[in-house]
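Below are two complexes that have subunit A in common, paired first with subunit B and then with subunit C.
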Partner chain A sequence: MTDEKRCPACGKPTAGYVPCPHCGADPEARTTIKFALYLCLIVLAFGAVFFAMHLSTIEPQPIAIASIDRWLDYSYVWLEGVVSSGPQYGSTSITFDIYDGSGGTIKESSTRVEIYDPAFKQLISENRVPRVGDNVKLFGQLRVYLDGSTEIRVSTSGDLHLTRAQQVETTIGELRTSWGTEQSLMFKRVSLEGTITDVKPLGSAKIYTLEDNGVDLQMYVHNGLEAYQKKSLNLNVLQRIRVNAGVSQYRGQPQLAIADNDEISVLGTLPALEVPLENINSTMRDNFVRVGGKIVFVELEGERGSLTITNRYIWLDNRYTPRIWLEEDVYKLLRDNEKKLLKRGSEIELVGRVRSYAAGVGGVRIEFLGPQTPSLQAGTYEPPLVENFAAITNDNQGDLVKVIGTITNLENVPKVALPSDRKFTLQDNYGGTIKIYVPNFLFERMINPPVVGSKVQIIGKVTMDSGALAIRPGVVDDVRVVS
Partner chain B sequence: METLVYLLYGMLGVIIGSLLSILPGLHPLNFAGIGIFLYLAFPMDPLGMALIFAGMLIAYAIVGTITTTFMGSPDDSTMYMAFPNQKYLMYGRGYEASVATGIGSMGSVVLLLMLAPFASTIFPIFRKLLTPHFHWVLIGVTVYILQSEWPKDWGSRAKTRFGRLKDGWASLSAGWVTFFLAMMLGFIVLNVPITPIDKAFQNIMPVFVGFFAVPWVLTNMASRVNIPPQTVSNTFYISKKDLARGTTSGFLGGMFAAYQPIVTAGIGGVLAGHSTSTQGDVQFMISGSAGRFAYYVGAFFLFWVPLLHLTRGGMAWITGVIYQPRTDSEFWLLMAAIAVAAVFAFMLLVFLSRVVAKVIAGFSFKKISIAVLIGIILLVFWFSGLEGLVILTIATGLGLVPPMFRTRRLNLILGFFFPIFLNMAGLGAGISRFLGVY
Partner chain C sequence: MKPVGREEEVFCPSCRRYVGTFERCPYCGARVPKRLAFRLLKWGALAVAVFGIMFLYLDLHGPHIIVKEPYQVSISEITSPMNMAQVVIRGKATFVKYYDDTRFLGMFLSDLENENADIFIRAYDAETLRLINMEKERLDKNDPTPKFPAVGDIVTIRGQLRVRAMGKVIGPEGFRMMILQYAEGLLDIERPTATPTTIENIVENKENFGKYQRVEVEGKIISTRDMGWATLLTLYEMQSGAELGVMVPRLLEQFGKTLETFGIKIGDTVRVKGAFQLYYGTPQLWLASWDDLVVIG
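Up next is the complex of A and B:
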């Protein structure tokens, strides 16, 4: 370089120095704008390739449910699978489960789907609520909980792609047989007939039992369904129905899952045997019978370990006829006026099923079946009054009696972690006494419980308690404080 | 093929982002806020809007260097390269510096595009491996940044051992003091709502502007120099080795910062620079621009990586409110849009740098700085109200400490975000309660 040389970068004279003493530019180290242009072309080439990849992967790629781990909590993913249970209708959402077969077990391959308002109401209005057996592909936010359970939340109805399942005509027997072998009907939609023989009300649903040719199958109807249906279900025991539903799985057993009331159509009602109550015995086991009579006593039974009432026995006509056994959950299905009338003195006619029961009269009891609307007429009945308690002897065990007297003593019978049962000593006008045994689930329901000195009227059955005769009331109303 | 229109959305974002980038003091966090306004004002296809956001970020990373180079208004990510860029400006090589930083960004684009096909495989692994260790990695990064500051030459060597020890620790101590003061400000601003509720999403904007932009502008005002005539040439005196080295180093630092919460491009740049022995002004400029692109666009890119489920950066968080990437296809569309938008932004950078370089000669740096300062104050007031101006003043005071005591400005950002590191380690609430700001 010479003195005249100027720096090509800053334009100042360099006096031959390299790099430039003013700006540090080294003329040997050169890059032109062409290099930048080549870089741009490379970038655009990448862009073209990626755009082609974009076009070739338009279809969403669902992930396997079994591959979901805690790192995917709150992430947005596509899932695809067959609806395996539900839908369960809530006030702000519907939920159902999907299964994709990606894991070793059903649990590993399943996840819960929750669709919130307004998406789920839109699905209802579009008749696109997924049903067991349908195939769904959906996009939503995953939740992975500490216990390992997973859930995907779908926020718009457009994020759910639904393919309705084809229906398979079958019978309960075929379904049961296939379930025992290859489970080919699991998570499929079926159409079959059955007779309603029972209902088991749960907190969130009713489980109906359908029978056909001696084989039974459960049918799950979620309580929330009613709120979103135009047609209400009015099912009764012994109705023959056709059901178009999905087959889900509960505790290893098949269960029909109802997504819409229109999936059930009533074909007719089977008659029950009309047999006088006193003629019913163990030879009629499992038969459906229509029985009637006057209620002479209602006896509640409580649950061990709580104050919950589990069922009630209804005595018809007298102590020598088989008793009606009514599960409390079924009792709760009755209308309010029916519940009020289901008491001592009323006339009742109902459909029941004869079941073996060793402790029952004749070795049987009659199960009150739900759902049904029993015929009830108001009436009165009181057992004979026993004025002199000394007249109650061991021979009277099992008899219904009415006694009036004054409470002279109150004894607590401790129950672990629960209020005590109460044992009153009741004295008649002749100085005789008898024990009145009031279980805690009755006593705790009394608004004005009797105290020592109270004059009370008790209706109950004569029983033995700790080797002594006692009278045990059946319901709260059987204990009445006279003064 | 109708999805080709989405590439135009990306380019539209570049135009909007370029207009915003020219305004000194604006940060992508403000862009995110502006993005909300845009979406509310013009409801549209969320995917299209997300790609506009991507374009805005790309413009900020590429076109935004014009502000750093010609107006001297850096932020936390450009602070790292502001000094060499302005040195080039004073040599009359501002255009060259601007385009060279653009080339660095384009190098970063290439590396990001090359990474894309492997992203959904490697990033989920990183995530599982690294997430449990974030808190101590961050604290380690902080200690490294604070302690790795090289003692400054104060002009004469002290005669006594104590004097030399004192000199050795002078910058380090100033760094620690800066860090501590910024941490106190962080505890307050991050825990106590100071800005009006309707502007709460911009509460840290005044802090960033006060830490970086205002002190730099004030320093420029004090410099009393005029900008010399600028050379506009198609030849740049920059070696390809410097380009390659700077780009690689910057990309590594930027992606580390994009991936690791709280770490910014500046911090990532220092770490990557140290680990790859980055040297010289050119490499610093290139690595700074590459890191800035990798940091802002890389963080947004992570949001789209299939099955990664990672939201990093203000723009990704805002985008997440209106849009969630749904398919692999959309990820590839984003990559195509990034490619097209980056090329478009680079072209704009070249064009605008040429225009600015031609008109800026003879301008008083002081006058430009005053105009910039007024612009910054107005923007801060608009975004965060009077309370924001108060925070800006305090942050500016802190931001002046590093240039006065010759320590790293990065200590400001480390200190400010240190309360978040402590939160990650489960200690933040206790300390905040002790300080009475919880």
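Up next is the complex of A and C:
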């Protein structure tokens, strides 16, 4: 007799076969649906709890900066690293770089961070603006540009986790010695002392030079600190300061990065040697001196390729004393009234550094150091008038002279892609002539430039031009049209 | 399964098979008469759809009976619930950049009443290129109405808002952006009249000038410097000896002209109109268009 058993899964007669020949179900191994349902619910509950616990305890996993590629453009990521430069303050943002050492070079391992309003203002109010040396972990949107540069934009202050760096007491000498070794203080925070010996103004920052025991170090102060945070540093040359700052690097050299003016405290001012100008010589090279005298001549030097002034050379008392060399960028740091007084005739007292500029000749000049406020008093001076140009000979090269005459000829001295220099022929009352060489950066600044037939007064230096004697004025005011 | 509808309408009168809403039997081809309502519904719906779309199209470009202009909102009032809304906004352009790699236009507009509130405007490559072509055409025709925005312009723009919610905060905080979806959405560009002044006045009294205020100066070009994304002209004022930087954005070259096109060189005396800005405390002007730079000597 045939077994009439039916399969519990498909309902067909199985004839006693296990598993069912129709659907393959094994009735002895069958689980009830209720049991399966409860099992699923329990697994779901445990799974959800586990996931929640995992999410609440997991740490953000930053990615390596060196691994960033174009595929990550616009993605949101965590990054972690040490602040390596900045912060640079803008009107509504700050920027700084972070470095995580994930690549073979500093560039590969670094990226720019930008934080805009309102996160930027929140960080300032919470005193959590990152400084060089601090460790940061941050979340934001990556941008990867075609040239390979990257930046990450942080939207909220909560997306930036900051750990302040510990400070290391050191000296400029030790910092320099350890640079490039395993003990390097690059991207660390330091406290050291130095004397300000120079300033180089850039468009967006000022670079101060600090010296200590003959070793120097640059200090970078971003102009945004003054422009947007309204904190101005009133530093002067030869001030001894203590700086607590991060050590960044620029072109492979260490550079201190100032995040706030509170990081600098003035300890005192070193005195400069008061030396009469005539006693300054090459043996005093690199010494700091305080000098004074009457400005008898100011020579401007122009930039190649433009009409921009790059340097001023100030003659004090006579033609034999060392020139005062003033870079135009430092000149622009002077106040307006100081600029107006820095002209022929004024009495000046200033701090400078003795520099050699003509090897083998013993020539020295005094570099006007910034930042400083020179002492200036108005006055007048004009060199003696030479009425007969025949009296000017080769022996007078380098002398200051004043001449008056009539322009009989005007030559253009062509310059590539620039207005020409001008060469006038000036005739005196005795029929004698002399050339007047006016460089383009002076001529183009003349409101009423002289023309042929003009009677002019020229104050200038006697020099040689194309084998002939010529007088070269120093500034625009040295050329005056008399009639 | 029971058929829906009257039997004489849903069964073929000829072969008695179920045909549903067909008006001709698919089996035997016989006509299956329907009540007017069925046919009206079918053809009427199609007609309404076609005429409705035509009406919407005409209304959009004309009387605005149904399709109203989007609301004009103040930039300060934009909050995260407005995300994805079509609105019209008006503000002063404080930053305008053409991105060479993506050919996008990026611009910041600040609220005229509250300069601390701003919004980022983006136009994608196709629309940016259309705007550039429109500006090229207007420059060629000497049309004074600008078609491409520049720093200092008052811009009225229609687009789609994109506003991120800042967690639970619903307010003006957070990044606000608008997508300029088509070039015609740039409804108006008002370029304020430039105030004539001197370079000396700008340099010595910079606090008297508003950010992005348009001014006009004259001076001699004493240097040009390629900054990459712009050319910096330095102007020298003869009477005072004061100097001022004028930024000529590289973007302007997209309009088919360069400084060389105008023969501008060092030594030329020029009259310039530009938007006043401070670069870390140093005044400079931003050139908005080629017609704002004229050689006068």
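One rule holds in what follows: the second predicted complex is superposed on the first by the 417 of 483 C-alpha atoms of A that agree within 3 Å, B and C clash if a C-alpha of one lies under 4 Å from a C-alpha of the other, contacts with A are read in each partner's own complex, and residues count from 1 in each chain.
Simple rule for what comes next: a contact is a pair of C-beta atoms (placed from the backbone, for glycine too) under 8 Å apart; a residue touches a chain by one contact, two chains touch by 3 or more.
Quick caveat: nothing in here was measured; it's all calculated off a predicted structure.
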{"item": "Touched partner set for A:Gly11, first subunit B, second subunit C, both or neither", "value": "first"}
{"item": "First (subunit B), second (subunit C), both or neither touched by A:Ile447", "value": "second"}
{"item": "Contacts of A:Pro419 with subunit B and subunit C, given as first, second, both or neither", "value": "second"}
{"item": "Chain touching more of subunit A, residue-wise (subunit B, subunit C)", "value": "B"}
{"item": "Which of subunit B and subunit C A:Cys23 touches, first, second, both or neither", "value": "first"}
{"item": "First, second, both or neither for A:Leu267, with subunit B first and subunit C second", "value": "neither"}
{"item": "Which superposed partner A:Leu307 touches (first subunit B, second subunit C, both, neither)", "value": "second"}
{"item": "Subunit B versus subunit C as contact partner of A:Gly224, first or second or both or neither", "value": "second"}
{"item": "Touched partner set for A:Ser75, first subunit B, second subunit C, both or neither", "value": "first"}
{"item": "Intersection of subunit A interface sets (partners subunit B, subunit C)", "value": "none"}
{"item": "In the complex with subunit A, residue positions of subunit C that touch it", "value": "100-101, 116, 164, 166, 173-175, 204, 220, 222-224, 234, 236, 238-239, 241, 265-267, 278-282"}
{"item": "Subunit B-facing residues of subunit A, complex", "value": "8-11, 22-27, 29-36, 39-40, 42-44, 46-48, 50-51, 53-55, 57-61, 63, 71-72, 74-78, 139, 141"}
{"item": "Subunit B - residues contacting subunit A, complex", "value": "1, 3-4, 7, 88, 91-93, 96, 99-100, 102-103, 106-107, 109-110, 113-114, 116, 124, 127-128, 231, 233-240, 242-243, 281, 306-307, 309, 324-330, 332-333, 335-340, 342-343, 346-347, 350"}
{"item": "Touch list for subunit A against partner subunit C, complex", "value": "116-118, 145-146, 155-156, 203-204, 222-224, 226-227, 303, 305-308, 336, 417-419, 440-441, 444-447"}
